[in-house]
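Look at the two complexes coming up: chain A is in both, with chain B in one and chain C in the other.
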Partner chain A sequence: MRDQQREKVIQSVTWGLGGIFVLLGFGLMAMVLVGAWPTLAEPHALARLLSPTWDPMRDQWGLLPFLLGTAVVTCLALAIVVPLALATGISISRMLPWSLRPQAVRLLAALTAIPSVVFGWWGLETVVPAVRILGGQAGFSLLAAAIVLALMLWPTLGFLFAEALMKVPRSYVEASAALGASDDQTLVRILIPSAWPQLMNAFLVAVARGLGETVAVQMVIGGQVAMPAGLLSPGATLTTQLLTDATLFPPGTRGHAALDAMALALLAAMGLLVRLSARWQGQP
Partner chain B sequence: MHHLAFFVMLGAVLVMAGLLLDVVREGLPHLTWQFLTSAPKERGEGGGIGPEIVNTIVMVGGAMIVTAPLGLLVGMSQVEWRPPHAVVSVFDQVRATWLSIPSVVLGFLVYRVAIAWWHWPLSVVTGVLALCVMNWPMMVSVAVTALRNVPATYREASWALGATRSQTVRRVVLPAALGELINGWGWAMARLAGESAALIMTAGLNVSTHWSAWGPGETLAVYIWYVRTEGYGARGSGVAAATALTLMLLIALILWVSGRLSDWRQHPGR
Partner chain C sequence: MAPTIRTEHLSVSYHRTPVLHQISLEAAGGEVLALIGPSGCGKSTFLRALNRLVEETPGARVEGRVYLGNMNIYAPSVDVTQLRRRVGMVFQAPNPFPFSIFDNVAYGPRLHGVTDAGELRRIVERSLQEAALWDEVRGKLRRPALTLSGGQQQRLCIARALAVDPEVLLLDEPTAALDPLSTEKIEELIANLRGRYTIVMVTHNLRQAARISDRTAFFAEGRLVEVGWTRQMFTAPQDPRTEQYLTGRYQP
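This part shows the complex of A and B:
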């Protein structure tokens, strides 16, 4: 009898803690929504939020420059890194000698632990001057941010792609070869389609990391709040603006609510990615 | 096509190697015993990163001590004392969403609650709170994965011998999962040690001469950011590189130790 009571107590303690965890998770999301409410509740909220002018002195809080900055930097970085990472995954899972494959995967995994601020430092040392020479402008730019972000994402995405391709059963590859397919045909017709769900999930992980990355991008993007004129012009993203302005506008001010609206946009994008990823895993 | 892939990978590897070489080349000359132990100086020669090393270790350690047990318990609540399926599915979605929130957003929320509402100072404690909010869902994920990988037959055998659920967890499941838990904890610590965005807002950008839990808590990663974007002149790059080298060595040490411990737990006697 005493045993049963003890079991009950232990179960309620862990379930209680689990409940607190879920409540706190919802609480964090609710805080962002409540914080952003002043910007959402006013008339023409969407038009004002999507306006291209961010000018705190004149009470203009358009988020378009940052939404555009985030979209451009993330897409460009992914356009650079996806081919690199796919090549890495293919090389590791198909080209390297068998004995080197585990080491190569472990090395990539270790590279994922490099802090993002180190990539920002490298961007200032190398990428910004290079872009300055190529483009003739300041060098701090959307392009520099995308290049830094791409290198930062490469170990993660390469590691996940390699893992996905190595999980395809060997019998598939052997059957394909036995039917007379060349290596390239096996890769395109068998390996990539079989690993497609895992590859898509890896891609979504990279998108999420790219959208959420802050310091590495902030150090090289230039922090300009006007609409960017092109890839070589400086800009800002949702995360970099959140970092630089968080301590500028105290809670309760209109600026603070605008920052919450940025956080809300990021959360919405992340929520969408989580849903997509669950879909690729075959979960509801 | 395979050969093309190999050469493309080689290009990426070379760029990454260039980055690491840059850090070593610029950082190594600055990396002296004096640099590792003394306090930073804005002007003139000398100055180091001693307090930043202490802050990094204290804050990562503090956040782990708080969130690792909490995460393990929450993980156990979902795997060992399985609630109805609908609850688990909501729980998994909350965990995945929380895990995906960018650290800068979490730092912003902690800034609002702890600093603006509760009037905590920019300090080590506030930084630890921010790291805890970041790390709790990570710890839960590590625990859930490790516990789910323990074969169900272990538990069934234990129950068949008359053990209760909590006895089974303590004597059978946790020892079997420990190796994987240690590995996951190591990776989480590496992530926390490299965090900067959330700490810039909550722990501050300087250190005081007398360490205190309520004093400013700049970490190594934040110092690199500060040196390269706010202060310091021409000397900044070298100092930042030496700090980056120290931080990366610290992270490598964490991963090496946790990896060895985890291997030893999973394959004793090897």
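This part shows the complex of A and C:
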């Protein structure tokens, strides 16, 4: 009898906590949506939000520089990190002597735990001067941000790629070898296709981390609100601009609503990623 | 004419632990040689030494010689991928790739450079017919191989091995994971392949060895105890250990 009662209590506590979690999630989305409403409800909302000018003094709230900054930094970082991480994953899962593989995986896992501010600090000391020397401009730039972001994502993505490749059943690899496949042929024709859903999922995790990264990017990107002229010019992303202006516009102001619109754009992008990742996992 | 495969003083160890000692054994061209013996006696390792798949296992070390026809397959000049083309293998648990039926059978030919669609279709059809699976899968070649039943999957794996035109077939307990009806089909298939291919088969099923092999080799504790004509061995074994094993009284 007491056991049943205890079970009931535990059950209601679980339900309650779950409910709070759902409420919080929806509450957050609702808050951002309501906050952004002033920018969404006005005439030509989309055109104004997508305009290339962000000038709070003249009531210009175009988000295009930040949308572009986010897109460029994330895409460039991924273009740099995906080949590196794939090479890391393949080396660990296929080429390293068996006795060293667990240590290598542990090392990567440890590297994933480095706080992003450390990467930002390191980028400030090395990447920014390097870009300055090679590119001849300030050094604080979209390129520097992408490089720092890529190096930050490398351990995580390499770790996830290695895990995905190591999960492919050994029987597939043996069957392929027994048919006369070279190691490279087995890699390209068996391992990568069999691990494809997991590899895609790892990639989406990296995209999400790239989109959401704030501190490390903010430290090296230069914080410029004008449309970037090229990879070497400074810029800003949705997340870094949110950070910069968060304390500038009190609630109720037009600027605050614009920041809410930025948060909404980030939420929408993340939601899309989650959907995509579910699709890659074969869920409806 | 299918070639002879012969080992001379073949020894294998894993991380310095010996698992096979000085095995000298021959499968004549076109015959079915069954390998029997208690679990862990080295039969599977022996089989894997015949296509050098044993080298994929970490810590494995091979000594001695293996001849396919006149070629020592462990000679440094031998191309392993070419060797494995000539010596096909089917594993204990059916292991089709997570691709379509067609792509499974076409995998080997594609590896070796066949790209012509018509030729691939002909190879796939011929191999599936040879593996007695064609009638069950014709018109469904685009379906995932993993939708087939266990017995069908194993015949698919045999078709996949046959598609690269091997001369020798190594079968590692090919029916261990199958029901009696599927087992019967595979045995029938092996009987039909006899003569065209030199077949070396590991089995735990003594009656299976008696039914389909020409000769049988009995392994125990990493050594070859006895080899002879199957009928003779099952009726009048030479070694007392063989007799104990055949009558279910073997104690290692």
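Of note:
Criterion: the second predicted complex is superposed on the first by the 277 of 284 C-alpha atoms of A that agree within 3 Å, B and C clash if a C-alpha of one lies under 4 Å from a C-alpha of the other, contacts with A are read in each partner's own complex, and residues count from 1 in each chain.
Note that in this section a contact is a pair of C-beta atoms (placed from the backbone, for glycine too) under 8 Å apart; a residue touches a chain by one contact, two chains touch by 3 or more.
Not measured: the values here are computed from a predicted model.
Look at A:L111: by the touch rule set out above, it reaches chain B but stays clear of chain C. Judged by the touch definition given at the top, the superposed model places A:W54 against neither chain B nor chain C. After overlaying the two complexes on the shared chain, residue contacts for A:F66 are found with neither chain B nor chain C. By the touch criterion defined above, A:W121 reaches chain B but does not reach chain C. Once the two structures are overlaid, the count of chain A residues touched is higher for B than for its counterpart among chain B and chain C. Within the superposed three-chain model, A:W154 lies in touch with chain B and out of touch with chain C [touch as defined at top].
In the superposition on chain A, A:F140 makes contact with neither chain B nor chain C.
Of the two partner chains placed by superposition, only chain C is touched by A:E174; chain B is not.
Across the complex, chain B is touched by residues 3, 6-7, 10-11, 13-15, 17-18, 21-22, 24-26, 28-29, 31-32, 35, 83-84, 86-88, 90-92, 94-95, 110-111, 113-122, 124-126, 151, 154-155, 158, 183-184, 187, 208, 211-215, 218-219, 239, 242-243, 246-247, 250-251, 256, 259, 263, 266-267, 270-271, 273-274, 277-278, 284 of chain A.
Residue ranges of chain C in contact with chain A, taken from their complex: 51, 53, 56, 58-59, 80-85, 88-89, 91, 93, 95, 97-99, 107-108, 110-112, 157, 160-161, 164. Of all residues in chain B, those touching chain A in their complex are 1-2, 4-6, 8-9, 11-12, 15-16, 18-19, 22-23, 26, 70, 73-74, 76-78, 80-81, 83, 89-91, 93-98, 100-109, 111-113, 116-117, 133, 136-137, 140, 164-166, 187, 190-191, 193-197, 200-201, 221-222, 224-225, 228-229, 237, 240-241, 244, 247-248, 251-252, 255. Against chain C, the residues of chain A that register as touching in their complex are 97-98, 169, 171-182, 185, 189-190, 193-194.
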